[in-house]
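The structure that follows is given in the form of structure tokens.
Letters A, B and C name the chains as they come in the text, with residue numbers starting at 1 for each one.
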Amino acid sequence: MSARANILRSSAAHAILIAYTVLALYPVVLIVINSMKSRRAIFNDPLSLPTRETFDLVGFHTVLEQGNFLLYFQNSMIVTVASLFFVLLFGAMAAFALAEYRFRGNLLMALYLALGIMIPIRLGTVAILEIMVAANLVNTLTALILVYTAQGLPLAVFILSEFMRQVSDDLKNAARIDGLSEYRIFFTIALPLVRPAMATVGVFTMIPIWNDLWFPLILAPGEATKTLTLGSQIFLGQYVTNWNAVLAALTLAIFPVVVLYLIFSRQLIRGITKGAVK
Amino acid sequence: MPQPRRRAPRSPVRWHIAVFLAPAVLIYTAIMIIPLFGTLNLSLFTRGEGGAREFVGLANFATLFGDPRWSGAFWNATGNNLWFFVIHMLVQNPIGIALAAILSTPRLRFAAFYRTAIFIPAILSFVIVGFVWKLILSPLWGVAPNFMDALGVGNWFAPWLGLERSALTTLALISVWQFVGIPLMLIYAALLSIPDEVLEAAEMDGITGASQFWKIKLPLILPTIGIISILTFVGNFNAFDLIYVTQGALAGPNYATDILGSFLFRTFFGFQLQLGDPHMGATVATVMFFIILAGVSLYLFGVQTRLRRYQF
Amino acid sequence: MTTRKTLILSTAIALCATGTVAQDVTLTIESWRNDDISIWRNQIIPAFEAAHEGIKLDFQPMAPAQYNSALNSKLDAGTAGDIITCRAFDASLQLFERGQLSDLTGLDGMENFSDVAKSAWSTDDGSQTFCVPLASVIHGFIYNTEIFEELGLEVPTTEDEFFAVLDAIDADGGYIPMAMGINDQWEAATMGYANIGVNFWGGEAGRAALIAGESSLTDDAWVEPFRQLARWAPYLGRGFESQSYPDSQNLFTLGRAAIYPAGSWEIAGFREQADFEMGAFPPPVPAGTDGCFISDHTDMGIGLNAASANQEEGRAFLSWLTGSEASSLLANAIPGFFPLSSAEVTLEDPLAQEFIGWREQCESTIRPFHQIVSRGTPNLSNESWTAAANVMRGTWTPEEAGEALQSGLSSWYAPHQ
């Protein structure tokens, strides 16, 4: 292939990617720049950057006067990270069992574990709340972690078992001949090899947990256990006409999750590239 | 290269299988399956005189399919949902695959940046996505109209979200915008795990560029494409948040954006003066469950077992 | 009960954190009015607590869209708060019938309310009342006085004058005549249909006739308001089909639109957002009618969770709410939510005074489909949202809208079969 064709192809690739990146980021940028403008400027010229005359942080002042956002953020972090850990660990274990061993009812078990992705878990709300009441877990973060773990497992098992099937039998059988236990084979051979998939599932699991409004509202609405999404929803409803505050609230809601994603995404990319040991 | 699948030799009692499965199965069964099937069970009952629960067999299903009002709403939602799914399959997944293929080009600069940026919409909550697109498409705020004026096509602007013929497609495209990162990530992970030797061997045979993608890579990522198709199917037939946030529970205009999820939630939890009806709601949920179960079974038993997998 | 323990425990922790004495009883208030969070926390709660030693209040509002479903789930599982803000009519009636709301018929201060005020939170025969009527909202039109002055317009009182004013604003071209959108659909039904319709079906008498099965939704009295709405469409802004509720509010408060079909609840928000003088007028009357009607809708009540361990304290709080101190506080803190109590109340906001002044000239009625006729499937009130929006979009004729609503009502409601 000639060098020129190469350059041509790579600039075409960059052109497509840049175009799509703009499409993906533009709406987000629009919220952020307008959150820092005065109300009239938001309406008269939504596309422009804030200038010296139009720069106004009134929205942020309004929003930050309400609620303890540092605490809300901490609650969201605890819930998300803990649920993610359990989903990935238990999900990978179950996926390994389904992909690795032939046993009676394997396919049925796979189907059973997939049932959860077919019915929205919200329909079980009253029963779940009753369980949490009986277990004395209302208004605790544990209740949320349990629900999110259960909610995330079906998808995790579903995706991970597909990737587990692609792990080389030769490696595992060689390990068995060396006398490694099944548990060590899982932790030292299978798990590292499916890291790209684990990272991907991690991100997929994280998003709905972080953004969920319903279960925090039902299971842990107390001030001490409020999550960031629940906390910000309250003032979103509160200032529905006050667009400065709405845009500021949205900006504040976007930032933590983007930062969180950037942290995870580094792990994710590292996972993907390392896991792809050929 | 391709290897026949071999399984571990049988041992008398393989406790480790139970150990591997137990934590997931226990939590999942207790917190999810038991409450959910308790709810689905409500579809066999109705609220009788004085609020007592009365067993009615399949009468609720007969109402759902037999009463023209219920069945009209149900088939409207099902049809809309199919269209919603078709758009995702035709737009979201091909774009996701194409972007993943471009991104996985070796030695591409800024790949990490693109990958991160394109995925960002998927991490935003529905509240944010619904709000920002309503703003952009709003005739009042004028981002879309101004932008189209600048391109000289200002006359093509229409209040898409408010018109029966365009509202559903517009919402589906917003949803595609939001979730295109998901197929992208899965395909990207699959493309990266194709061994270099395979690609080098292909290059030796003179198969490069686009033909390498079609002849070598695509067959290797077929199982992953299968997964994203079924995930799209399940996701679309469970979706409702975006509709609620942008169009409200009545899925206007004139129920043109009503999909099964919004129909279900409106029936189950009620809306405004319409009280929630857990029994009819559970009936709708059960039917949805069977629709999705049929799709997933088709995949698990029909497609997945037949796909050729390559172990690396 | 474990629930109580959890609640008491978490409350105790919260109280210790703020250094309050732990023997106090804390009543948690469930509400959908998250707009009023600072009013409750800074004005109403301190006023009550100052007068009632040993009772603390905790106002815990949530977003209106989730309120009914979240509250029902919590009541079913026993984790709901002590005090429940009541939606009007069937939603609360159902809670009472299930034994989830306490009977408040004999509550001290309940005598301050008329039967009409209590009707939204009483059993159909009126014998038992389960929520204290808190506030009503009045429909009408708010207008931008500066635009009216600039264009030399008079406030319209009749239907013909109303359309003449709209034509004049339209002809000037500088402003959008009327700010309303139909993307969210409910504005068309409440700010549109229920707002102007009262003069066509004749207020309470027309509403009663519909409930009794004596008038049909295909009658002129019920179809004519739809015809009026269809005539509104050309005066709304470009793309009103996808204009949302906050869009309309901003369009008006930024001074770009002259008239806003309103509910009185807008007053507080508009005061903050608009930098021009506002006036209001009641729905213009059609030619050849005597007298006038207004939609003065019982909107919000407040009741007691039957499962609450603090019945006595809860009743003390509710009794206090019926009195004139609480009524004045609420009415002035949230202008546009008008007290239903007959206790003495003075309103300070001139726009709010204007709205409440209509009670003197016109007869009050509530929204037509809220009592009894929205008890079945399809739900008449929700259907009317879709119908009104369809008429304004031009996809249904007014007659088709009337027929669609009537056939839905006839399908389950015995007096119409």
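As a convention for this text, contacts are C-beta pairs under 8 Å (C-beta built on N, C-alpha and C of every residue); 3 or more make two chains touch, one makes a residue touch a chain.
This is a predicted model, so every value here is computed, not measured.
Novice: Any chance you could name the chains that touch chain B and chain C both?
Specialist: Under the touch definition, chain B and chain C have A as mutual neighbours.
Novice: By CA centroid distance, what chain is farthest from chain B?
Specialist: Chain centre farthest from chain B's centre: C.
Novice: How many angstrom between the C-alpha centroids of chain C and chain B?
Specialist: 37
Novice: What whole-number Å value describes the gap between the mean CA coordinates of chain A and chain C?
Specialist: 38
Novice: Report the inter-chain centroid distance for chain A and chain B in whole angstrom, where each centroid is the mean of the CA atoms.
Specialist: Their C-alpha centroids are separated by 16 Å.
Novice: For chain A, write out the residues touching at least two other chains, lowest number first.
Specialist: Residue numbers touching two or more other chains: 43, 125-126, 213, 233, 236, 246.
Novice: Where in chain B do residues touch two or more other chains at once?
Specialist: Residues 141 of chain B touch two or more partner chains.
Novice: Where in chain C do residues touch two or more of the other chains?
Specialist: Residues 65, 250 of chain C each touch two or more of the other chains.
Novice: Under the touch definition given earlier, write down the residues of chain B that touch chain C in their complex.
Specialist: Residue positions touching the partner: 51, 69-70, 134, 137-141, 157-164, 244, 247-250, 252-255, 269-277, 280.
Novice: Hey, which residues of chain A end up touching chain B in the complex?
Specialist: Spelled out, the residues of chain A in touch with chain B are 1, 9-10, 13-14, 16-18, 20-21, 23-25, 27-28, 30-31, 43, 46-47, 86, 89-91, 93-94, 96-98, 100-103, 107, 109-128, 131, 146-147, 149-151, 153-155, 157-159, 162, 165-170, 172-173, 176, 181-183, 186, 196-197, 199-200, 203-204, 206-207, 210-211, 213, 229, 233, 236, 246, 250, 253-254, 257-258, 261-262, 265, 269, 272-273, 275-276, 278.
Novice: Under the stated contact criterion, what part of chain A meets chain C in this complex?
Specialist: Chain A reaches chain C through residues 39-40, 43, 66, 125-126, 129-130, 133-134, 136, 138-139, 213-214, 217-218, 221-224, 233-238, 240-243, 246.
Novice: Which of the residues in chain B end up touching chain A in this complex?
Specialist: 3, 5-8, 14, 16-17, 19-21, 23-25, 27-28, 30-36, 38-40, 95, 99, 102-103, 105, 108-110, 112-128, 131-133, 135-136, 141-143, 146-147, 177, 182, 185-186, 188-189, 192-193, 195-197, 208-209, 223-224, 227, 231, 234, 238, 240, 261, 264-265, 268, 281-282, 285, 288-289, 292-293, 296-297, 300-301, 304, 309-312
Novice: Can you list the chain C residues touching chain A in their complex?
Specialist: Chain C reaches chain A through residues 2-3, 5-7, 10, 13-14, 34-35, 37-38, 60-66, 70, 73-74, 76-79, 245-246, 249-250, 253-254, 269, 272-273.
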